[in-house]
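The following blocks contain the structures, represented as structure tokens.
Look for chain A in each of the two complexes below; its partner is chain B in the first and chain C in the second.
Presenting the complex of A and B:
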């Protein structure tokens, strides 16, 4: 292992990490927003939209992110929709993640006992108040482990961004190996940087999960 | 009866082919405590759920203060604010403290001031001896304590009528009493209540009127609870009350 090489490459990996994080987090937030809207549409059985959501979830859960990205980046320009690579990355991640988040939140909502909604309604709350104050907070608690798994999964999926020429971590590693053939150093750095990105997320999620579940289930 | 607060007229409730309540009529006056008893599956819990519009109905009507109580209508949440309900299973919100459970609906739904509601809640909690538990979560309470909090939560909405659906059925015997005491003091203070219970001695003590239901119908009704429990006039009610007396029968093997 050549430490000098590692020192030289560090700034490149650092820049790649920032890019990956930026695109990744926009993607995750988009995924959460889409997931929430979709889960609510299913929950409130909104006609037409409900069918659209089901088709969307089916489409994005059953095709690889790579194919989705290629479609957005290479096929859409053919019909006149031209988007920057970074935007495509976040959009692709958000759409894929939205499908997963929607399923996670939906099952969280279904885990809340029916009697909870009934007792909220018998206190005079309408469906939306019952959702907001009673059902949703409990559903989030149930969904936290799933949401967390999705976030980590999405951040790891950023590794396919290299295929649409985004200089993310994976791209940087492949590029450097191609040019200087320092395979061991490059891949070791790659592993370390993914850990730098994801370990804090796992840890944060663990803390969050414990705090959220505290009220309901105790220590 | 023109002074009826709640009027149930020719109510019919069915799940598909299966009719649970057939042509049931009942009027409840203000301040009246009605206890509904009957064998499992006779439709008594369903009746309470209909009165709170948790179930759709297939015929007849339910009027509270002359306003229809009907599921999925626009103003149903306004009507429900006048009806307090306590369920058999502990239905407190697990993610909220005792105090938050009680103040949530008055503050968010009735838009009352938080301090005012908290004061009222504290006074009610004091009365049932649970003021020191106000910052606890439901999981920290016993079943009987949870049910008492559920009663207070319903009361804080200032309902015109309370519906109690077998509220002691899931409790350990030694906790039943603390809950029933709270209900009895409510009855004494003039609350209008519709109570479904299997506690016969409690029914006798609290009821202004006893209603005996079977197969979705009112079989017998009595304004003299003492008399009803001692000497029911229908054969069916007699048989039902017999089941609460345990007499060892012949066992053949």
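Presenting the complex of A and C:
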């Protein structure tokens, strides 16, 4: 392994890490927002919207991110919708993640015992108050492991961004290998940088999970 | 709880360390470099199949036609190699950036994917005699033709394909030009049609073909950088296959094979005019 080469490539990987994180986090936040809205629509059984949400979840959970990105980036301009590559990346990630997040949150909401809602109502809370103060905090607790698994999944999915010309970690490695054929160095750096990005998320998730357990009561 | 957290953290640090140690280990050991990743001519003949890496999306040099068969200038040559070796051909579809890798890991015996000979690449693989000439070219839409690299503004982006000579050339000689990189020909082509970049830099054969096949595009810069050649490549050190290929190319020169190849595969695209500029016969560049 050539340390000189590694030193030379480090700034490129650093830039790629920042790009991956930037797009990744926008995508994750968008996914959480979409997921929350969708889960609530399902929970409150809002007509029409409920059907749309189900169709959306079905569509995005059952097509690969690669296909979704291709569609957003290459097909939409044909009908006059032009988006920057970075925006497409975040949007694609957000839409994919939203479908997963909504399912995770929905299952979290469903795992809160029915008696919790009944108890809240018997204390005089209305439906909104029961959701906001009793059901939702517990549901989030239940969902945290799933949400974090989704976050890590989404950050790893950024590796298909090369198709839409984004120099993420994966593409940077492939590109450098293509130009200078320093395979071992490039792939080693790639593994290290993915770990730098994802290990803290895993650890943070673990701490968060422990902390949020305080919201668990009943049963 | 605290104890478990500490356990978790140390497990994570440990796994991180483990991977680094592992990688460092194979760095110094380099996974037994003495074991060859290639097959000799005899081994190929014995197995009855030769693996040849070609493009599947670069018309008219290497592409898959509407019947699902490989076609093109490179592929025509590949069929001849299979015939003269007396073996079946297993075509392996490659991307530009994979070509060196595929040879180094023994996934293919020969790369016949419009592979331009460069000094950097020659350090990693062995090139046989050339069978085609090439330079770089830049194509742009006819309503905004780029005839000189000075016309490219600081915010403009030029489309290139990752792992091609166009990319390396522009990175080295014009680092100030912003490149928009794609990993396949198909993606770059669509992106260019969608006008995601002001121009597309690639082998001039490729951009000339693109401008001929698609209306509304002009090759503003038909020749950029040095005049290079395209040759088959084999895994570094595979002398038996390399010498066989060189003899084959010389022998094919006797029967003007590559002119025939041109007429079968490239004539429809380029017409008669480019025949003598593109074709290299018998491995001798004029």
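Simple rule for what comes next: the second predicted complex is superposed on the first by the 214 of 219 C-alpha atoms of A that agree within 3 Å, B and C clash if a C-alpha of one lies under 4 Å from a C-alpha of the other, contacts with A are read in each partner's own complex, and residues count from 1 in each chain.
Everything that follows uses one rule, which is that a residue touches a chain if its C-beta (ideal position, glycine included) is under 8 Å from a C-beta of that chain, and two chains touch if they have at least 3 such contacts.
Everything numeric here is computed off the predicted structure, so don't read it as measured data.
Aligning the shared chain A places chain B and chain C next to each other free of steric conflict.
By the document's definition of touching, of the two partners only chain C reaches A:188; chain B does not.
Rounded in steps of 10, the angle chain B-chain A-chain C defined by Cα centres in the superposition reads 160°. By the touch criterion defined above, A:158 reaches neither chain B nor chain C. For chain A, the partner that touches more of its residues is C, with chain B and chain C as the two candidates. Contact with chain C, but none with chain B, is seen for A:167 once the two complexes are overlaid on the shared chain.
After overlaying the two complexes on the shared chain, residue contacts for A:143 are found with neither chain B nor chain C. Of the two partner chains placed by superposition, A:68 touches none, neither chain B nor chain C.
In the superposed pair of complexes, A:175 makes contact with chain C only, with no contact to chain B. When the two structures are aligned on the shared chain, A:1 is found in touch with chain C, with no touch to chain B. Once both complexes are placed on a shared chain A, the shortest Cα to Cα gap between chain B and chain C comes to 17 Å. In the superposition on chain A, no chain A position is in contact with chain B in one complex as well as with chain C in the other. Those residues of chain A whose C-beta lies close enough to touch chain B in the complex are 115-116, 118-126, 129, 133-134, 137-138, 141, 215-218.
Interface of chain A with chain C (complex): residues 1, 74, 77-78, 82, 85, 162-165, 167, 171, 174-175, 177-181, 183-184, 188, 191-192, 195, 199, 202-203, 206-207, 210. Interface residues of chain B facing chain A in the complex, by the touch rule stated above, are 52, 54, 77-78, 80-81, 83-85, 87, 89, 91-96, 104-105, 108-110, 137, 139-140, 150, 153-154, 157. Only residues 1, 5, 8-9, 12, 16, 19-20, 23-24, 26-28, 30, 96-98, 100-101, 104, 120-121, 123-124, 162-163, 167-168, 171, 180-184, 187, 190-191, 194-196 of chain C touch chain A when the two sit together in their complex.
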